[in-house]
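Got a structure for you, written out below as structure tokens; questions coming shortly.
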């Protein structure tokens, strides 16, 4: 049903460059589960490795933002971009990292409000207030 | 240059329903500054009031998420929706509420990564892993 | 500033296939004004002609929807797609075709609400109610 | 399958703030049917109430635009934002409010054309004609 | 499940304007298969004909770009617009027209990178370098 | 006017991690010109380096697709995502890499058509034909 094949564990094992990434995903996440995103990307070991290393760099280890906040930002972008798979996977991740029901509800409220004011602003074609353009 | 007129302070003063909202914006924000968003919406006092009260309800007072996190979520949605005015105004707001340069940089990194994986997932048309569909 | 050249009237006159479309635009709209959209498309006379004839077929003559309603739908799509030029040109067209200030205000209110509920629905990943799936 | 629970009627009955909104939805629409959108939002009674009251204010009672036109604008925005649930529910609503097959067909034609010209304009990065920037 | 009926072959045969387009699709593509896109559009023979003739003009016969490149551009736009049906149909078309697995993988990598840099640029609200604005 | 500072050459020189990337950009592109995208990203040397190395990996050296085709795909995504800066910079790049006027015109025509059919398909909520779902 996808436009690419999803590699099984045995197929992934057979390609050293894929196996190396899958092993690192499992070690980093301390879980045996490798989700479909990586199984689809595995058709292209170079993109698989680059994407995983980018995610690992930004989303793990020492981060400026709490991991649960990163996941909420991820949900916000995925919602505006309409990526169903991403909304499911990052909502699951946010919950696993401690997002409470109240935080989830507020996240949705903020996303909804932002979308509303984005569209109102765009339809009105408002000029940016000079106060917002101060050199940072 | 906008598709609606931006009401000046004297015009706003002259319409009681607009004046009431502008007064509340100023009192709530403890600032005399009323930005163009409200001056454009003021052409429709009913939408002005509804929009301000929605924002006030979600973004002020007791919130589940820290105000600076709400602003970062707002920036994320506004970026994905391509709203230039909104990105400027909410980046200014986030900085005013304490977003550090390191947090801003990480916010951008997460937004960029999310957009990349959103598009990769969509182009591959991946099925959602059953593990992400557990009843909440 | 555009990524293509905008053809002047004298340049347009010199290319018969472009001249024919510009003449028809002027005759159909009963106005000498040819806006930048057509001057940019004129670099490709085949796309110019196809696009004009499509617009003429859908938006002029006998239509199922009143012309002002067509323009409001156009504004709605252009807003969601973030096309600044299109919002300006179709808001001008809607006003010229009789859109009142109250209708404009309500159009914006509906666009804003729709965007808000679109994003809420997407973030919740709601299944479509069976009642909405009745065979038309 | 959703990222939030959909409240059943008995669950909704048990929360006074939710029951009050569901009762008003049923009374306003003169129908016992409460669709999934409200059942998902019911996890957050404050957002449920705010969203319902916003929709009720804009989309019911005295409106500047005919209800069927409001629904068509809703479909246009939902299409550009790619919200499948919203397209289904508002197409059903538009039909219930009298949208004919000819109007539906023309709505789709206008949406399609608008998307095409939106993308052409954006790819060409056209400057807005001064004639469209006249102060309203 | 669609918001319009999908016309069967016998229904299409019964409407001369639809039959003519279906016949031309089959003759042009040298295949008896008519996919759901045309069966849905067939509810509106005028839009069916206009859409088919536009596609035929741009995507068949003498083209400036190789057909497989046209299909890859189609996939890129469809991905950014989140059109699942379109991604499936044009990925199938691209493969049929010779897109290799390596090209498909690179197409996805470019789409992903473009989305990432699009969002980074938008979040930073960068001014266009004068060097990119040279009159073409 | 941007939401981040754009680093000048002397500022970039003073940060070794930034200088290293700018030097590599100049060496790889055989040009002294470093555009604003990199000057904005330079506020975050880690994201600067990751982004440059990703672009370098995908868009330079041995590629499966001709460089000019990669640029055209980039323009297609940037158009659908509404990134003005990106459309300007990648249109300039595509021209520099040999995109002819006829190819540019056809690129725009395909982007426009794709947007139109994307929106028509989405508004109709068409089910994917089984023929498009064959296991790859």
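Each chain gets a letter, A, B, C, D, E and F, in the order it is written, and its residues are counted from 1.
The rule is simple: a contact is a pair of C-beta atoms (placed from the backbone, for glycine too) under 8 Å apart; a residue touches a chain by one contact, two chains touch by 3 or more.
Fair warning: this is a prediction, and the values are worked out from it, not measured in the lab.
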Any chain that touches chain E and chain B: A, C, D, F
Set of chains whose contacts include both chain C and chain B: A, D, E, F
Far-end chain from chain A, centres as C-alpha averages: C
Same vs different contact residues, chain A with chain E, by half of numbers used: different
Whole-Å gap between the CA centroids of chain B and chain D: 20
Chain centre separation in whole Å, for chain F relative to chain D (CA means): 34
Intercentroid distance (Cα basis), chain F paired with chain B, Å: 27
Junction residues of chain D, two or more chains touched: 1, 3-4, 46-47, 51, 54, 77, 79-84, 87-88, 91, 105-109, 111-120, 122-125, 133, 136
Of chain C, residues touching chain A in the complex: 75, 79-80, 82, 84, 87-88, 107-108, 111-120, 122-125
Residues of chain E that touch chain A when the two form their complex: 82, 87-88, 91, 101, 104-106, 108-109, 112, 119
For the chain D and chain C complex, residues of the former touching the latter: 1-4, 6, 33, 35-37, 40-41, 47, 51, 54-55, 58-59, 63-65, 69-70, 72-74, 76-86, 88-89, 91-92, 95, 100, 102-103, 105-107, 109-111, 113-129, 131-134, 136
Contacting residues of chain A [partner chain F, same complex]: 1-5, 46, 50, 54, 57, 133, 135-136
Residues of chain E touching chain D in the complex: 3-4, 43-44, 46-47, 51, 77, 81-83
